[in-house]
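I have placed the structure first, in the form of structure tokens, so that the comments after it can refer back to it.
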Amino acid sequence: MPYRFEPGRIYRMPTHFGPAPGPRQMPAEAKGDPTKSPRKTLISASFLTEGSALERHIPERFTLAGDPVVTIEFHYMTHIDWLAGRGYTMIHVWWPVVFKGDRDRVIGRFLAVMWENLADPIITGRGEIGQPKLFADIPEPRLMDGVYHCEASWMGFKFLEVQVKECLEQDLAPTLQLEGTLMLKYVPRTGAWGEADICQVSFTPAISPNLTVESYKTASGSVTFHRAAWQDLPTMYHVINALADLPVLSAHAASIATTRGGKSYLDQRILE
Amino acid sequence: MPYRFEPGRIYRMPTHFGPAPGPRQMPAEAKGDPTKSPRKTLISASFLTEGSALERHIPERFTLAGDPVVTIEFHYMTHIDWLAGRGYTMIHVWWPVVFKGDRDRVIGRFLAVMWENLADPIITGRGEIGQPKLFADIPEPRLMDGVYHCEASWMGFKFLEVQVKECLEQDLAPTLQLEGTLMLKYVPRTGAWGEADICQVSFTPAISPNLTVESYKTASGSVTFHRAAWQDLPTMYHVINALADLPVLSAHAASIATTRGGKSYLDQRILE
Amino acid sequence: MPYRFEPGRIYRMPTHFGPAPGPRQMPAEAKGDPTKSPRKTLISASFLTEGSALERHIPERFTLAGDPVVTIEFHYMTHIDWLAGRGYTMIHVWWPVVFKGDRDRVIGRFLAVMWENLADPIITGRGEIGQPKLFADIPEPRLMDGVYHCEASWMGFKFLEVQVKECLEQDLAPTLQLEGTLMLKYVPRTGAWGEADICQVSFTPAISPNLTVESYKTASGSVTFHRAAWQDLPTMYHVINALADLPVLSAHAASIATTRGGKSYLDQRILE
Amino acid sequence: MPYRFEPGRIYRMPTHFGPAPGPRQMPAEAKGDPTKSPRKTLISASFLTEGSALERHIPERFTLAGDPVVTIEFHYMTHIDWLAGRGYTMIHVWWPVVFKGDRDRVIGRFLAVMWENLADPIITGRGEIGQPKLFADIPEPRLMDGVYHCEASWMGFKFLEVQVKECLEQDLAPTLQLEGTLMLKYVPRTGAWGEADICQVSFTPAISPNLTVESYKTASGSVTFHRAAWQDLPTMYHVINALADLPVLSAHAASIATTRGGKSYLDQRILE
């Protein structure tokens, strides 16, 4: 007898061996605790760019919101419950947008691209959430003379460097009230090359009641994307080069934070 | 102005930076040559198991075909054109099946699970083709006293070991005429946990006119999957344990081959 | 003109490009600060074994001191000044001994073996200090349900697992007053196989005035060395198997600490 | 009873667990076969530089011999017997010299520096042979449009790139008759900083009767060393920068070869 899908359980490819354990479906023995997991060092820098340049990289039904500021965040995570206490690192690149759909209207972070240094959350995040995750080697941050050096590379090509230093000057810019994070879940249609089977706006509400910010420091920072040839980054040179081509008009807010806790994104939903 | 998707071009998440370079969409400068790329050492072993045990791991509309033989293949690849000459390794686990759909009827390899040691082809293969690819660390094969030792692990947990030794006895078992490779492309529905947005039978025709087998040797081999606890393999212990639980009734055909050339899978299609 | 060695400067192979930068010879721009570098999480466990078994693994002129207790320490280090802010991990295995030389008499830790997950400090430590360092893959510790899981492997063979959990019961055993750390610096003689060019007792005084212990917790722990075949660990199976063969009579003190600062070991000296 | 060193056996730190298995001391079960192990792809390129620049990087008692040509070799090895069938990669950098000692006079390759991507042979080679080995990440060569791309990096900093393409023009330059390979074995003296415990000229005779060259093709090539800041390569920026500063007057011979077999270097000896 072939297997049948159990109702109400999350599956991923390969589906043939039962429901798939992961961040949103942990076995009982995992004892996940969203108030404690993960521990995170979050290093962030941002820059002001030209709206017209940024606009070319948002999908239809989106418009830029507020200043065209690109933020790069390095999330160095440890003690992740669904990985049985292991860690990995995420990079987020986002800017503020408004989404106006037929039903929904949301102002939020447009999550343009992510990199992670572990394949497992890339697989779960792309399929279950629609996060635009790619792989990169991301070493631990270097701390030298008070400066955090964060970087990412692929097969020996360093494509992103961020430097952040604690700095007492407060960033007083009025900030938009962002309702959450927006992304475009997209899966191509097999065989009908150029068509899509899934092309949806996916949304993570901002609320995260189990998250504790343990420390937060304002900082100053700089961001550099290094242009790549096809042979340097054969699956993503177009992404890096588009980001490298954004004019850096000025550095914006940066920060260094440590946090504890988080959420499983079971509140993720598709907007219309 | 937000961007629009260019018609006829393949996109992947993130879609915001243009069509995605990859195995099925190479830039002109790549000069892909399917008669030369990739070079491959293909080490394969198989075992006879119980049909009733195997049947639990095939989806509806599939039935087992011929003997219930599970084959494990290690494809050690180098000089891959779409990766600008780099290499990586794939593992395929398959057994013979018949698919009977409303329209299509195909006898072929049921590709139950794959592992690869590079995230990029995992991302392209899952999204564009529907291959059930997971990540593993896969070192180069060890050759000692004429025995090839192939293995795969995840974060230090070795879950698969295959040993293969050249052996002159010919394997004379009559083999099924397999028309290609079958897999289940599955993408969960965001927010509607437990439902699927995509659940399709995806098919790779067997034909590969640019493939040259440069050497082929029959061999004898053994296969061992090591059972894992959740904390050893928190995203795939259920896969490994299901495979480890298949009774090994006897060793079947094994082989050691070297090949050159391949195809881009643009002939992949969805069965109905 | 061939080069000449500059007097008073430390060299390492290759010597042909000038004095060698490293932990004991940093360029001025490095701004090393021994009160801040490195940051360390130190996880330690120990066990009581049989003195007669341990005695076989100490050199001549050494005797065991106090209880035959083997301690395993994992030093997870970050922000190391001489590595420009990078980190790496050390494992120490030691037990208490007395060294009685012609001139010196010292009671201290006998550093039987070390593992590190970075080649550079292995090279500097073996050559400049005489530390018995070998290479291992050492992932970040996993923290699950309050238990730290520390491990080490080589090419996929996990040879050491240590689990440590915070525990309020104080370890009240009277401890020896250890004057520092003792090791045997040994370099074989090229061509005269079986002879030694260097065979010296090297000593690190315990004093480390720039070290700050930021937190310290008593704990309970367990230690497991996994026996290896030659083909698993072809350069060090004899080390692992000797340690695995030590009887574990009972668990002894364990701890979890965080520290800041350290020293460069310029006070290292040869005993006689 | 403390242990005693067994006469005639090779030891390495840590010496406390018995004689050390390695390339020159394999257990019986290893069944080393120097006619088959290792298999090697050897990619080589060279360039003519200024003798006066090169001379600054040879020790006393050495003089340059013939043209001041620097050769860089990448030895991609697999199926190494003493590693139980595993592989790793070596890089050699050498130029021709004459050594005139009190007793010995040898014309040979001056092995200025080596890099390897595995710590174990670094440890054995430095201690037993005196090879000036450092660690680097060395990926498999990329082959694209007939060009082999070889490279080496450390913690994400790419310091060496070599490109080699098969080329029928024969290199007809008369070549020196080299008797073997020369290196300086150097071990600093612990505690007496700036002094040396070992400073010897170590020599590998050229003879290697079990080596079979299976293919050999002349080629043309290019070599690039990338200058590094201290923070890029904190333990070896001085080495890279010295090599990067050598003027490249013209490209010289390059080659692509595959070989089988080798030797254990038990014929290594100290010159005087």
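Order of writing sets the chain letters: A, B, C and D. Residues in each chain are counted from 1.
Operating definition for what follows: a residue touches a chain if its C-beta (ideal position, glycine included) is under 8 Å from a C-beta of that chain, and two chains touch if they have at least 3 such contacts.
What you see is a predicted model, and the numbers here were worked out from it, not measured in a lab.
Excluding chain A leaves the other chains joined by touching in one piece.
Two copies of one chain, chain B and chain D, touch each other, and the residues they use overlap strongly: the shared fraction of interface numbers exceeds half.
Taking the CA centroid of chain A as reference, the farthest chain centroid is that of D. Judged by contacting C-beta pairs, the busier of the interfaces A-C and C-D is C-D. Computed from the mean C-alpha positions, the centre of chain B lies at a distance of 44 Å from the centre of chain C. Between the Cα centres of chain A and chain C there is a gap of 39 Å. Between chain C and chain D, the centres computed from C-alpha atoms are 29 Å apart. Chain B has residues 84-86, 139, 142, 144, 155, 231 in contact with two or more other chains.
Per the touch definition, chain A reaches chain B in the complex via residues 1-5, 7-22, 24, 27, 29-30, 55-63, 82-86, 112-113, 119-120, 122-124, 126-135, 155, 184-188, 190-191, 193-194, 196-198, 200, 202, 230-232, 234-239, 242-243, 266, 268-270.
Of all the residues in chain A, the ones that touch chain C in their complex are 31, 78-79, 81, 84-87, 139-145, 149. Partner chain D is touched in their complex by these residues of chain A: 137, 139, 142, 144, 151, 153, 155-158, 231.
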